[in-house]
Every structure is written in structure tokens, then in C-alpha cells.
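If you scroll down you'll find the structure; I have some questions about it.
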């Protein structure tokens, strides 16, 4: 994409008949904003893409936003290339043998500003994860390889709204509330998949007991959504697609072996998409980095830049979905990665 | 280094007798500033290190700055770790067989503000490069593998000085003049080593004919120096050290093969130091990046962040000297790299 | 506005009948991006506002963008508040006596990437300015107080387009080409209003002879427009509105007297809108500032932040249109300001 | 100052005999860093100035740092000009009648990393404030107009040190711990001057009960100091100087009247120095600003830029000490200001 509102690539696929717009069910992409609370490139991409699909399917934008799950992460640091991965639900024709990629979608009701970052939000998320599993036709948690979640962020507007109603907030700072909002979503996935016990899902464990985590969650937050949106991917017998998904864990932002292991877990075929998290670290390979103390460039931006380059050097791809913040999405210091390959 | 003025690491080496302070001849390091015209971390590191060596050798700071060449590059993006590589001239004891690492130093007279970025500066640089070759005991240009140069930048103070004298400047913007100042230094190296013809060294070719370049130059500019400083490295029979240097070319900031080739060129031993340039690019591996249009984070910072991570993933090192700007230091779009290994 | 796509304020005015959407002819506003080449908040605001007006007038977005001139400037530094000033053309009812505010609109054909920053673009601009004067019902240049112009910027996409056709560009750097693109637009205004002689309108004078300028131009550039758009304001007998416009000159970003003089020029009534330019300066009130050498925060952002605060302290308003870059829009070092007051 | 290590201005005053270097007791200045945890311009300025005074007084740097209190604030946004205000203790000659400016200095022992941000640090600060009052010859708290305090910040090195000893920290993020570290210092001043009751000085009130504050504190934190340093100013009968100090409160960063009131409180004479705090605000004059949600430019930088311009427009000065963060230094949302005038 040449800009957040450049949808010419998808338009060409639609016009050439390569892709049926009515079959689009989800879009996951990167936009070139700063990735912070004032990154409006996600909203612009959502609007542009929804308008394109609406035009192509004779629908309204509102109908598309209801039907198609769109998850954008802002921040194209290092060698990251702005792009979108478009998921379609196509009637199976000549599906690959064995388990193949399936995708399940779900969303919660609108989250109130005062619920952002709370266990209430985690429970709503867990419920949506279970719905998405059913929607994907998956019954075993071990067949789930990637759960991409997007949830709301505390924006000045939402803070004002809560203030007007006298509702207490977990934070008054949009940027500072991001780790909390992401962590809560991950705990919701973990509960939905049975990775954490019900008893451990209490507010005091949030961002505190980092031994609680999901191995397949990837959570983002942004001002442009007001509910929690879930795109759950796994492999199912008779999945009917020509793709397979695998996942793994990155020990650091320079862990090329972790990237290769995730690729192997997906079967080692030609890569179709990569989804990863980048975790800032005060030390990498034993030496101090300056990510954490840099007041000009946010630590997440340093981390995304680094991981983007290692993934590109390892896989040859720069159109990679890398978002920041791994709270409760892996053991502390690590980061999740999922790769979709051709079977 | 835990800060630009943290010299505790070198102090410990001196105190333990591992390193004789009087034998220090050059220091090349990275500091954690923004790498721009207002990056004063280089000046702070220079001052702190010079004071330490002065104390340890019963000299004044001025004497140390006269005797020891210090080259700092600001900007520790991605996984880069602030550090310094300290070069000493030690009486040979049990030197490795074959050609081994030698280092030659030289500097020009003070460059006037109005000379910065001009052919006059290139000629002075070429002269210093030839002096440094002689100083290193090298006579053949092909034995030269790395010429690190640091030259002055147009600072507000220097612009004011030139204005006061009515002297015309090549630019009035400190940040904008950096590419020009770096390119001129590289052309100086190229002439000094016979890589460009005398006839081609004219002002209109600067930043215009990018086919003119040195294969071993690495140039930086900063407000803290007023002359051009040269640290030239190569391998010489009877060099008397236990290190060997090699060099290579990076096709992009994600060129892991280029890193490995430079390592091989140095003999493939345990790596002691890496010096590389990172070149921003509007496209990497065929897709658009956003480095060039990012108004918040300078393109050089994206590029350094990316290359730092690929070098770390390839070599296991984060204490790497990566600076920005490859003007006339390699074919356009590429970047130079040099590696020092144990023999 | 609570975000670039927050059009709830205008929607409320439309719903309450305060403002007839079909009467909207122009919108000038500030959005909260970084103001650089990768600031997409302008595109988002344009899209959101056009969609609102289209819905309210049963038109398409394309029709609205054809009919309503929208000029956004990115960058809300200091105390600036994101907002839009909406101009309507309303049948006169009980107009104020004397000369009152009139607005004329015009636009050029699409500017080719290779025309950006050239005299050809200036001539097209001058022609559009004369059309806008006629459109406003003004015949004397001295009745023109403010000409807001928006023109295209060199984006990666446009650079690629020109490259594909082998067309030469004035610059290959989107951010660096901004001063040139703004200067050319101002020279176009100056020629259209007879402020510069035809003979002076030559390429070598652009950004060089700063004695050539318009006293009423305010030019912006952005990636989201491809033609030059002109909103020209003045006062005309029988103008039929209850507003009057005046203009002045700011000697620096802290020139409170200049702000007051422009207010007086507009009649001194209750202020309805303020349009100003902020000019970065290496020295303010005789002492050095650090705007020009700051590699983290662009000089224009420092300047807008400063002027926003002085205007707020002087007039009580933070919803002010302040854009950056005064090339050929005033004597060097100064900046233009225009104020609309109630009669 | 043309750079953080440019001490030529002070050197000239010393060389010309205008100022006796041995009489220097304190320096308060602004440097042109980013004002964040990785701003090393303060350390550089301290080192350069201490070296100058040491040379001029035949002392060591360590002796100067022991004897002269140096407080630097990083971040010269807007129109701020890097500078230093140098305080000397000169034998009274022809002092002005009435109460005139006196300065008292004190410092605490080194603060442990685990004490930063705790009540223990506040108590040590209170004690130092009382010592500084005595040192200034002041006995009544109402004669105290300005207490400039500098305390340590949690740096990566200090965090590592505490970790090595297993000592718990109030925060692990250098930038995030700044508000807490500043708030604790202000509560220390408030207790030292009797502005808050002993019973209120408990950890749960820190950054929570914002009704607790000092009216004359101005606190900064930085990585370059390890103890709390106090410079307390007031007016005393027989003070013996030709200056007088006054203070006031700024309702917002655009409160020109507040600036004028502080000037009046100081007697209204020719201004010699201004010390103020800038408080970021989500709303200014009733409308939303974007300071708080800006992920590129820190809110404090927006606020300092704005206030610098209003002070310059009101007083004609750009060499102003404006630092960020008003925690417990005034009623919430306001900011303190102090002005020194000639009598």
C-alpha cells in the first residue's frame, strides 16, 4: 500500500476476478503511523478499505464493518512495508490433504471506557474466543495457532465520556494504558483456551504475574474500535484451504532460529503471511540497548524495527505484521510468532 | 557503556593492568544520542574518555585529544549497544603469522566553516589518508580495508562565524549539510587511495556522480571536531597483532550474506569488532518501506535499527559501530562493512 | 474535533438547522498529525467531512470534493486545538453596512509531479487566483486580505510515477520539497495580484530572491491534493455577510503587537477565525533558539507551538489555523496573519 | 550558550573581571537536550562549566561540584534559549534598601535507587530545605519565594544496581518515574516550609492528593545527580544584593497575567531571571489540545514551547528557565513562576 488509504492493490485483485469481494471475512494489516494513541492511519485504512468493499458488493460501509473484521497495527519501522493480508471464505474446491487453515471470527459488545483494562473485559474476550473457535470449526485448543485480537484504547474522548458519567478509569493516559489494555485481552484469550485457571484471573495479577499467558494470543489496541474483535486461526481436518498455520516463540527480537522454528511448525512451505510481536528489551544478547530510556523514539518502535529486519533477512519478506507489546502473550521477555504457509 | 560519560569499563581494564593507557592510540564508538546536529553525546563521551586517559597517563585533556584519535557516532537504534572499541599500539610479542592488523592515524588542519563540503576539504582529506597509510606501514592500497573518517559539521556557531566573516557556505542547515560533508570525506579517501581519478574530483560531481566512490571509506560528521580525523586499517606482513581485518559490501540493510562474506574476508575467526554503514532505502527486497517519508524518525535511524538487528542475528554481537550515510562510500544503495577477527 | 474524523460538531450544526449543508463552500482546518510528508490526518479529515456533507446533501463524496474546497494543515503543537472553520454561501439577509467578507474559490488542473515546484505551477496558480478574485466579486487587489492555497507535495507514489515516465523532478525527497512547493504557490499568488513583476517570475529567483513576496498569501502543501486549490478572501461593498477580514505581518513568533494590529485591521470585533503562518528562526528577540538544529522535533513544530501560545494569550483563542513555511509569503523572517471578525 | 559545553560567555565575564570565579555559588540553566531520561546535555554542561570554574580557581572539578550547586533542565522548545544564570556571593558594597535577594544552598546525602520516589526521600529533602533557609539567613517561610530542587532519576544503571542488591524500586521505567521523583521533592519542600502537615506526608498521598503542595517549589530530576540539591531564594533585610525576587502562579501555559503578577511581586524592575514550570493540559482556554495524546512529542515539550513564547511576548526574554512537571508544586493544573528583578 502506498498510503493508508491506498486500496488500489485490493481493487486490482477484485477487478481481475482473482478475489471475490463478497467472500472477504477479515483483513489484518500494517499502516505507517506512529503506532501511538494519536495514530489515525488505522482509522483511515479501515475507512478506505471498507468503502472499497462496500462499493464492490453494493453494501454500505456500516454493513462491511459489521461483516468484515479489520485489524490494523500502526508503525512501519525498520524495513516493514505497509500492507494488508486479506482473508476470504471460499467454497472448497481442491483442498490440500491433512489439517489446513481455518479462521473463526467473533466480537464482543462495545466495551465501556471504564471496563478497558479490567477483568470484566477479559471475561468478555474469553467468551468471544470460544465463539470464534466454534465459528472456525475447531474443538481442541491445541489446534489453535494464532488469535489476533484488537481492543479499544482510552482516548481523550472516552476519558471525557467516563468523566461525564463519573465512572472510574484504570488510567487517564491513553499511551500509558496500552500495556494494560493489551494484557487484559491476552488473559482473555488464555482463559478462553484454558491456558490460565479461572482462579488466577484477578485484577491484581494483571501485568504482575507474568507467568500467566497465552501461547497463541496477539493483542493490539487502538482508538478506532469500541469492542473486542477476535480473529482465531488454526488447522482443521477438511479445512478446505491450501494453507497451513504454525506458531512459535521468539526469545528476542534477533531470534532467527525462532522464526525458522515457526516456519517449520507451519510445514515449511512458501510463506503467505507472518504475524509476530516485537518485545523491547533493556538487554539483547547480554548487552544493554537504549530502547527503554529513549525519550524520542518509543521502545516499541526500536523493537519492531529490529524484528522486521531479522524476519526479512531470514524469510525474504518485509510485508510482515509486527505489532508491539507482548503482555501475557508469552513468557516474559519472549514474543509470539505465527506463520501461514502454502501446504 | 551505561551512558556517554560512563568510562568505568575502560577504567577497569586500566586498573587491572590489562591495557596500558599510554598505548591507546584510537577509540571508535557509538553513543546513545539522536545522531543529528543536536547530538551532544559524542562531545560528552570524548570529554569523559579523554579525562580518564589523561588522569591515567598524567597528561592534560588537550594532550590526549592531540594524541588519541576519537571517533564517535551517535544513534543506538534497534539493538545497538553503546560501546567503544579501543585501539592500542603495543610492542609486538608473539604476533600471528601472515598479514595482521595495522592502524595508521592522521588528521588535517582545522577546516574552515566555508570549506566544509567542498573539494578543498576532499584534497586535505586525501593528503591525510596518504599520511595515515604511511603511518600504518602500508604501501599498497589493496591492503587497506577500512578508513574511518570523522569531519566537522556546520553548526549554528560555525554558520555564525562564517557569516561574521562574510564567507559563503555550501548550506545553512546543519542537518541538511551532513550528506554533503560525508560525501566529500569519502571522495577524499577515494582520491587518497587512487580509487577516483583526479579529473573527477570536481564540485559538480559531489552527491551527483555516485559512480565515484571508495570501497573502504566510512565517514561521519559531527559538531565536536573541527579538523578531519583519519583512522586507516589494513593488514601488513609483520603487523605484529593477533587480529586481521576484512571488508565487504552490504546490498541492503538486511543482507546477512554480505555480513558473512566480510567475516570470511577477515579470516572467519572470533569477531573483535564490526564497523558498518546503514543505508536507508525507499524499497527493501522489492517492497516499499516508509523510512524516507517519516517526518518523526529520521531515515538513518530506521536503517541503523534494521542493520543492527541483522548483524546481531548473524554474528551474535550488538556492540557494533553502525553509522549512517554512505555517500560516495560504495555503489549507490549499498553500504560498506569491515570486520576485525582474531587470527 | 476530538479526532481527524470526528465530524460530530458540524453534524450537530447541520441537524439543528444552524447551518445548511448545501451552502458549505469551503473548509479550512487543523488536524493533529505531525505536519510532515507522512501525515495522513488531512486525508482522513477530508474523507470524514466530505462523507458527512455528502450524506446530508444526498450527494456522492466525489461531488462534494468537486464543490467544496477543503484545506487542512497538519500539526497541532503547543496549545493548538484541532478544528475546522466552515464557510458557507448564504443568501444575504440583513448584511452589515460597509465592506464585508467575501470568499472566492478556484482550482487549477491537476499538477504533474514534474511541475511541482516549478514556474509552470506558479503561472497556473496565478491564473486560479485571478479566477478566485472574480468569483469573490473583487476587482481591486487591495481589497484582498487572505489567499489560502493548498497544493500537491512530492509523495513516494508521485516520485515513482515521474520516474516511470522518465520525467525530471525538482527534488526526490518529499519532506525537503515542501519549502519549494510552498514558495512557488506564493509566487503564483503574488503574480496573480500584481505584487511581483512578470520578469521576476523565473526559476532562479525561487527560494533565492526573498524580496519577492505576496502580502496576503498563505500556502500549504500535502500529499492528499493533486491540483492547486485557492480560497481567496477580501472585503466588498455589499458583501452581504456579518464579518470583515483584515491582515497583518508578524515580525516573529512572539509578536503580540502584530496579532493586535491584524485584529485592528479587521475592525477589532469579536474574532471568528485566525489564519497565520509560523516562521522558525535561529534567533528570537536577539538570542539563539534551538529550532533549527533540533533533529527530533522539526523547526516548524517549534514555531507553530510558540505562535499558538502567543495568539492564545493575546486573543483567548486556541482554535487557530497556523501552518508552517512562509516562503515568498512575506519579507524574510516575518509571517503573514489574517483575522476575521464580526462587524 | 551555543552548545551545552559552550562556556565562552562565562569565561569572558571571568576574564574581563566582571565576575570573580571564586564567588560563584550556584548555576541554574537550560540545555538543549530532549529533557528525557536519555538527555545527557545536562551532564555535559555540568562537566564543561565545572572544568572552567576549576581552571579559573585552581581547584579540581570534584571540588567545584562539591562547592557550586548546578541545576540544569534539558529541553529548549519553542523560543527558549540555552543559557545559564550564575549566582555569586559577593561582599555587599552598596546594597539596595529594604529586603533584597538572598540564596541558601544545601544538599542531602546520596539517595539510594530504592529511595527515589519515596517518603524517605521527601524527609531528607525537607531537612535540606531547612538547612538552606538557615544558610540564606531566612527564618520566616513567607520570605521564601523560590526553592529550586534537583534530584536523581531512575537510570538503567541505578535500576541494575538496585536489582543486584534485590532492592525494590517504585518504578522500573526511567521516563515514567519522573513525575513521582519530582512530586516527592516538592512534598519535601512543602514539609520543610510547613506548607503540609506531617501527618499528610504518607506514600499513598503522593501523586494522589494533589491538594498537598508547596507554593514555591520547582523540582527537576536527572540522571546526572545522585543526591537532592537545594537552591532556596528569598528576600531578607540587609540581603546586600541589588536584586529582589517575587513569585506567582500560572493558571495555564498561556497565562500572561500570571507572568505580570509575578513580575509585580518582585517589584517590577528590570528582569534579571525568570524561573517557571510548564504544565501540560488536555484543555487550554476551554478547548482540547493534543499534548497528552501525542506519541511523537512529549506533552512537557509542547507545554514548555507554549509557555516560552508567552513569557517572551510578555517580558521580551527568551533566556528563561522553564522546566516540566508541576507535581505537588501548585494546585493541580497550575504552575509556579518566580522572577528576579533589579531593585
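All chains are identified by letter, namely A, B, C and D, in their written order; residue positions are counted from 1 within each chain.
Operating definition for what follows: a contact is a pair of C-beta atoms (placed from the backbone, for glycine too) under 8 Å apart; a residue touches a chain by one contact, two chains touch by 3 or more.
Small disclaimer: the values here were computed from a predicted structure and weren't measured.
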Check: Which chains are shared contacts of chain C and chain D?
Finding: A, B
Next item on the list: Count the smallest number of chain-to-chain hops linking chain B with chain D, moving only between touching chains.
Entry: 1
Item checked: CA centroid of chain A to CA centroid of chain B, Å -> 40
Next item on the list: Indicate the whole-number Å distance between the mean C-alpha point of chain A and the mean C-alpha point of chain D.
Entry: 44
Item checked: Multi-partner residues of chain D (each touching 2 or more other chains) -> 2, 32, 34, 38, 155-156, 288, 290, 293-294, 296
Check: So what shape is it, when you link every pair of chains that touch: line, ring, star, complete or other?
Finding: complete
Margin query: Looking at the complex, which residues from chain D come into contact with chain A?
Written below: 34-39, 155-156, 173-176, 282, 288, 290, 292-296, 298
Next item on the list: Enumerate the contact residues on chain A facing chain C in the complex.
Entry: 2-6, 32-34, 38, 40-41, 43-44, 47-48, 155-157, 160, 223, 296
Checklist line | Interface residues, chain D side, partner chain C - complex | finding: 2, 32, 34, 76-83, 253-256, 284-285, 287-290, 293-294, 296-297, 301-302, 305-310, 312-314, 316-319
